[in-house]
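Labels A, B, C, D, E, F, G and H are assigned to the chains in the order they are written; within every chain, residues are numbered from 1.
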Amino acid sequence: MNEYELKQLLEAVKNNEIDIDEASERLKTMPFEDLGYAKVDHHRALRTGFPEVIFGATKSADQIISIMKKLAADGGNVMATRCSADTFAKVSREIPEAVYHEQARIIALMQEERQDKGRVAVVTAGTSDIPVAEEAAVTSEILGSRVDRVYDVGVAGIHRLIARLDVIREADAVVAVAGMEGALASVLGGLVDAPVVAVPTSVGYGANLGGISALLSMLNSCANGVGVVNIDNGFGAGYLATMIAKDKK
Amino acid sequence: MNEYELKQLLEAVKNNEIDIDEASERLKTMPFEDLGYAKVDHHRALRTGFPEVIFGATKSADQIISIMKKLAADGGNVMATRCSADTFAKVSREIPEAVYHEQARIIALMQEERQDKGRVAVVTAGTSDIPVAEEAAVTSEILGSRVDRVYDVGVAGIHRLIARLDVIREADAVVAVAGMEGALASVLGGLVDAPVVAVPTSVGYGANLGGISALLSMLNSCANGVGVVNIDNGFGAGYLATMIAKDKK
Amino acid sequence: MNEYELKQLLEAVKNNEIDIDEASERLKTMPFEDLGYAKVDHHRALRTGFPEVIFGATKSADQIISIMKKLAADGGNVMATRCSADTFAKVSREIPEAVYHEQARIIALMQEERQDKGRVAVVTAGTSDIPVAEEAAVTSEILGSRVDRVYDVGVAGIHRLIARLDVIREADAVVAVAGMEGALASVLGGLVDAPVVAVPTSVGYGANLGGISALLSMLNSCANGVGVVNIDNGFGAGYLATMIAKDKK
Amino acid sequence: MNEYELKQLLEAVKNNEIDIDEASERLKTMPFEDLGYAKVDHHRALRTGFPEVIFGATKSADQIISIMKKLAADGGNVMATRCSADTFAKVSREIPEAVYHEQARIIALMQEERQDKGRVAVVTAGTSDIPVAEEAAVTSEILGSRVDRVYDVGVAGIHRLIARLDVIREADAVVAVAGMEGALASVLGGLVDAPVVAVPTSVGYGANLGGISALLSMLNSCANGVGVVNIDNGFGAGYLATMIAKDKK
Amino acid sequence: MNEYELKQLLEAVKNNEIDIDEASERLKTMPFEDLGYAKVDHHRALRTGFPEVIFGATKSADQIISIMKKLAADGGNVMATRCSADTFAKVSREIPEAVYHEQARIIALMQEERQDKGRVAVVTAGTSDIPVAEEAAVTSEILGSRVDRVYDVGVAGIHRLIARLDVIREADAVVAVAGMEGALASVLGGLVDAPVVAVPTSVGYGANLGGISALLSMLNSCANGVGVVNIDNGFGAGYLATMIAKDKK
Amino acid sequence: MNEYELKQLLEAVKNNEIDIDEASERLKTMPFEDLGYAKVDHHRALRTGFPEVIFGATKSADQIISIMKKLAADGGNVMATRCSADTFAKVSREIPEAVYHEQARIIALMQEERQDKGRVAVVTAGTSDIPVAEEAAVTSEILGSRVDRVYDVGVAGIHRLIARLDVIREADAVVAVAGMEGALASVLGGLVDAPVVAVPTSVGYGANLGGISALLSMLNSCANGVGVVNIDNGFGAGYLATMIAKDKK
Amino acid sequence: MNEYELKQLLEAVKNNEIDIDEASERLKTMPFEDLGYAKVDHHRALRTGFPEVIFGATKSADQIISIMKKLAADGGNVMATRCSADTFAKVSREIPEAVYHEQARIIALMQEERQDKGRVAVVTAGTSDIPVAEEAAVTSEILGSRVDRVYDVGVAGIHRLIARLDVIREADAVVAVAGMEGALASVLGGLVDAPVVAVPTSVGYGANLGGISALLSMLNSCANGVGVVNIDNGFGAGYLATMIAKDKK
Amino acid sequence: MNEYELKQLLEAVKNNEIDIDEASERLKTMPFEDLGYAKVDHHRALRTGFPEVIFGATKSADQIISIMKKLAADGGNVMATRCSADTFAKVSREIPEAVYHEQARIIALMQEERQDKGRVAVVTAGTSDIPVAEEAAVTSEILGSRVDRVYDVGVAGIHRLIARLDVIREADAVVAVAGMEGALASVLGGLVDAPVVAVPTSVGYGANLGGISALLSMLNSCANGVGVVNIDNGFGAGYLATMIAKDKK
């Protein structure tokens, strides 16, 4: 219920078109509806073309199909993360327009034009970090950002990173994806002016503790302007990067 | 050395105004200088008014005074974080224009106009989180952002947070400061559209593990658009928030 | 042996109906029997209709069948937790009256009327938390509580939780089930007056550390009236909730 | 705003005693006010005599005095936890009716009659656990419960615990306070029918990890009906115990 | 080389039966040989009947057969731990006298009389702890101790433990096997006078952290006379218990 | 109440020397008294000369004096651990016969002859481990064992350890005290036949994690016959060692 | 671009053979190219015969074949670590000269003579550590070191280690491979003068925490001259050992 | 006893200059002496000028003076680590030739010429890492290496590091000292060919976990040729670096 509707309701009370008990009943539940409403409303302007998102990891293909159909009903974009190729095969039979981003493991159903949401650079330390990076990159693209991918430029061969700095410096937000010692985030943070979204990955073994080593590195970065997301959370990084990049002059 | 200077040097070579050995010597060291140069240059446009920063925690008052004087020599702004009132008393005697932000524990020496760097909201769960929040807020202000403070609106009294949403929703970037269970970041992430910079604090005891509980909460946030910094890192949060907020349309 | 029986035994000694050696023998073992007896006796009044419980996770279908038959022999209720559908298929052939709660993974054999044990609300943050929530809910129901389920009302969409507060506030005990950052327990603790039994779940990945993140959040809750059980321990939460809810005026 | 007031407002609209813009304005802000209101209202009935609580650990004596005076202004009860004797000395000068519970480190200002809130037993493993236990016991008493203290009955001398079972079994809620291996919670859980609120303490050294050993023990209790609070959180335990104990038939 | 042999060698030098270079060569390597020798010798008296032990977990059936044959060649006893039934099937074909202890997962080849090595009681908290307990019990038996098994007497039903105390108190060493909160070790430590060898097991889930919860409990035991071995290390516990129990008057 | 007394009571009932109500009353409380009684009785024979023990770390000098006097009243031995020299100065004024073991930080009051309790060797890796070792050694001596001290023979200079093996091999129980990497326990376990009680110490820094590194080393010892106690728990090690050493043939 | 080429370019400028814009363009990108160049150049002299390395764990056989062919194209040596026998079977069909080191799980393609790179001793505590040790040993051999293997000489049987000291003391660098308590590194560090590269392995169970116990032991070694690599990182240890051993007089 | 002396002893036996009992006695103790002897002997050649080392952290000034005097008696060099200025003041009064390295906190007494032990570069990320770096640098110098210090070249300003590469590349061993995210070790490992000894420091706060973050980073380094020592272990790093650097061609 927005202000206009509220006033209409009050007019109706005033004009005896609705009795007080009924009006009271509708208003009593308003706070909570309204809360949601306010949020949705607030979101509307800047969310044009933003997809609805399904976290696919813990859902069956049938569940994903059913949710995707429901969310797609109003003509917006829909994406499902962490979906296997098998899942996509089943989804594709039911929703033929759905597209699969294999490395990113994302199924996307794009029905709506996206507005421009700035530029994002997605950078990885190694080749094993690429699946997480692709989840970030494809997410940013689906949300409307232009994405540059700069892969396999880890700090053990720092010259490869430096050689690609020009591309990275064009971005409004940089996603740094790295496992093992996760030093990429600090090095990038020192070389670029845009905010760096750091994604630790579980790449490595032994004392990498499933990604905790890279996570701690990134949290303790000696560079300014670095924000960290959960281990392997490519989607979250891409989402945050686009939120940062959009509306930048 | 910028492109213009490089071409001037080459012209000088061409015109025999400089001999090849000397030119070679200057160019050989250029890569590294240039690297720094490129960075500084790239930074220049958007960094006008950005302060130089001294991490005061591990330095004596004398060291801070000496570094501050040196950094201030070129007329820019300088700030020192994690300084005690005692330290400020000594600094003040030597650098009378320096100002002390007591709760933030920041000494600032502002010599240069700041450009507008967008709006930042700094939100805390409890009153004990305020010193960290002030470090963030003052940092953002020194960097040029307009800051709204919304303190003591933790999730155990969610209505207080909701009552202040309008102010928070005006921000280009939101800093969420919380210790204990750190739930504020998730709740905020669900209620606002701007990126949320989450700062876990060490507030609490026992199983808070010095802030690890809040840190893990924030990293595992079920809300999108949340980036996390180190425990108690108010400075880093304020810096990142301004980097996000600036240049937003 | 209760007091009455003890006195009867002493009478028998006095009347020479039993000799001293035999009486001594019986009394010597009494302490320990009696200890158990006392407990069982103490339990009897309030335990009417309480089921015997089998922890099924580490037992074969055959073991479960055999234990269930033995426990059921005296006509009471019996439940087995963490049982797969396969296990139930086998149990069902031998004990046709047994019922399977699929999501809760509980097999129940109800032979006895339950007394009313108050009202319990079981609330989850996400859909992935539902299996643990169902274990709690079905446990509470088997023990005799009336259960309201309020699922998928996590704090990233706080309005959904607020919209269901009326139902939750009816409960004598609230079970809050959440993974990831586990903020639900704190938010609920601030919104309801009944004790909150918090169940962290292992839902999530990376820095959720198999549920530790939600566990720490819940232990550090800034809200009063929250007690925490082990990760994924739906049974324990349901049991504790009913113990709290029963006999409430 | 409650339903009665809402209907009055609508009547006023209907009767033209208030114009639509003003009514709209009041209703627009209602959701948030109302949310708080609803909570306070819902609390009222059962909270009679409940104190306002100040967490004193991070506050100066002056801050505590000022907050205590403000909270006490409406005639209710007020308590401040984790206050030193020094703090109390200062508080006492300003608020002479305040009382100090030394071991519990609680300052209480009781201005209002308490309703009966059931019976709570507070049990400790060792003598070093007593300060935490007293925080729980005094909290429960201030909230209105009758408290039985059973101290120093740890499991290394199990007969002492068993000798006191009769008292413990009278309680509607049992608080088990233990450090080191924290076994007391499990043993109590097996011996009583009331819910057990387990409080791990930081008592011990080395591999007790500041209370983590007792915390893990309690979370992994093999007994049913045990809920755990944070390490050394006597206040939280007393609060939860009284919430459980009150209104028990 | 023992003292007797050393003197014989010196006699041979003196009598010119061996030249100095050869004697020097033999003596030069003596330190290390002798070190081993001393140890074996020292062990001999008390090790009569002690088996050679093979850690089977990381070895193939073929490897176990080959090592077992080699070790058995001198007529002593041999045991292999952590062997599956499949492994035993293969071993049995090659070494028909080998015996399999199924729950303990131990293959034993007994060729030599054992000396009496005192009495050991092996006690478990739950039924899931029995495999680890059997590894301890069978190890102690193979080494020569008489073993009493007291299973499923965990502290949540303390009367069952007390009912079996007489048997446990007969032992020269007690092995306490428990997972989850591991309270059994402390309770036993308070009830018996013999040393308690505590074995944490990985039984449990969630915050049991794979056995760490029980391990920490046992290390922090408030009872005296408790020594702890690694998680699930039944063999080590049985071995240590027999070392303690043997030669007790 | 022992069997003899029980039969006397029954005789009295039979002979009408005591009425049934009184006998019933005495027998009803017997279980718990008896439990304690049984334990004390069971302990008596082997505990002759065993001291009562006070854990001094968390107690004031006044508390220690008062407890010590009470425990000493029946003529037995008393010891207090973790007492500072200051504490002893005060104790000494009140209890002049008390003796202070400075490095061990133990105050002892010996009033009773000790029986021989076997031989214990206490071995340390470094000189910094000596205070913990002395706590173990003095504890064992007070309990009645003969103790050999072999200090500063850590594995980085293995020849020093080997040079002292003869003394160590005389012991019925060996206490291995080591911080840092704690390798001493494994090396000793491989060189001696007596049970090894391993005491990790908090000696070290950084990745020693306050003694956790040595603790984990000792728990994972590749040698058989090693039982571990808590970090820095010299008292517990000495107690366990004497329990193992006593009554060895 | 090296100095010679730089001067040639300047000569060309001077001689008008190249215009300033083109020269400027080439020099502007020089820093980064040059950085890489410098590195490669610097490496060349001492890297003769060093293989290119492929981390095989996360790559398919097809990927390994393709990368190996590319790297081998210039006639140098190539090795791929963590390859299964299945992978080798496929590689072998395409690259018949490739050789498989089964225990080390390394595929090597040697096309170039190696220079002598000193002597390395690889020592293990147990037989289960051998695969990691072989990865180290084969890596060192491929890089050009002579390797002595001394396996199964763990500290629980210290005499076996001492018996092999002569061989170990010949080495320029010693690799110590051990799981469980990892004491081998300290003992070796005390017995040899060469640097010790310590490799913790994940061998063990329970409180070995997947190799963390051995890792901590090695980091806390009381011996000097020990450097530690990641858990199970045989390749890294072999590589570092050869870097240390080469060019030793 | 070396081979020459052994043969002399055997000659004496042969010539009846020493009787067999006495020779036997001397030879019996030889193994252990000899073990030490062998080590010392083996060490001699390369250890000329190596200092004896005292770990000063846990010792009083008096203890340090007394040990230093004893160790210095044979004319060699002696050093004591982790000594305060106060300690040095006292030492200086007794041993006037002793020298204090203030930042390194090392007291050195140099009485003997050092042989050249190669070149070591000590590199730090920040200024706060300098005390640890100085401990490493001074240790290496005392041992005989030439040391280049390259401080405050952390990866957040990578150009400063690159600008100093020429100096670093001259070293035979590089010590990388860094706290926070510890990325310096990886970046250096990728830029130099010499072995890198990585020293994590406890510099930082919050999620640096007292140095664990830098430690994990360094262990998970994506660069080859990196060995790690304990947190803040500058001495160990300097010692290992010189062991690596010495005798390099």
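Criterion: contacts are C-beta pairs under 8 Å (C-beta built on N, C-alpha and C of every residue); 3 or more make two chains touch, one makes a residue touch a chain.
Keep in mind that this is a model prediction, so the values were computed, not measured.
Visitor: So which has more C-beta pairs touching, A-G or B-C?
Guide: B-C
Visitor: If you average the CA atoms of subunit B and of subunit D, how many Å lie between those two points?
Guide: About 40 Å separates the centre of subunit B from that of subunit D.
Visitor: Compute the distance, rounded to whole Å, between the mean C-alpha positions of subunit C and subunit H.
Guide: 60
Visitor: Give, as an integer number of Å, the spacing between the C-alpha centres of subunit F and subunit E.
Guide: Those two chain centres are 24 Å apart.
Visitor: Taking each chain's centre as the mean position of its Cα atoms, how many Å separate subunit C from subunit G?
Guide: That gives a centre separation of 56 Å.
Visitor: For subunit B, give me the residues that contact two or more of the other chains.
Guide: Residues 31-32, 35, 39, 157-158, 162, 191, 204, 206-208, 212, 215, 219-220, 224, 230.
Visitor: Pairwise, which chains touch?
Guide: A-B, A-C, A-D, A-G, A-H, B-C, B-D, B-G, B-H, C-D, C-E, C-F, D-E, D-F, E-F, E-G, E-H, F-G, F-H, G-H
Visitor: Help me check something: in the complex, which residues belonging to subunit C touch subunit F?
Guide: Residues 3, 6-7, 10-11, 13-14, 16, 20-21, 23-24, 27-28, 30-32, 34-35 of subunit C touch subunit F in their complex.
Visitor: Which residues of subunit G touch subunit H in their complex?
Guide: Residues 35, 38-39, 42-43, 46-47, 53, 162, 165, 169, 191, 193-195, 197, 215, 219-220, 224-230, 236, 239-240, 243-244, 247-249 of subunit G touch subunit H in their complex.
Visitor: Taking the complex as given, what residues does subunit H use to touch subunit F?
Guide: Residue positions touching the partner: 31-33, 35-36, 39, 57-58, 200, 202, 210-212, 215, 230-233.
Visitor: Give every residue of subunit F touching subunit G within the complex, in rising order.
Guide: Residues 125-126, 154-158, 162, 179-183, 185-187, 189-191, 204, 206-209, 212-214, 216-224 of subunit F touch subunit G in their complex.
Visitor: Would you pull the subunit F residues touching subunit H in the complex into a rising list?
Guide: 127-128, 157-160, 162-163, 203-208
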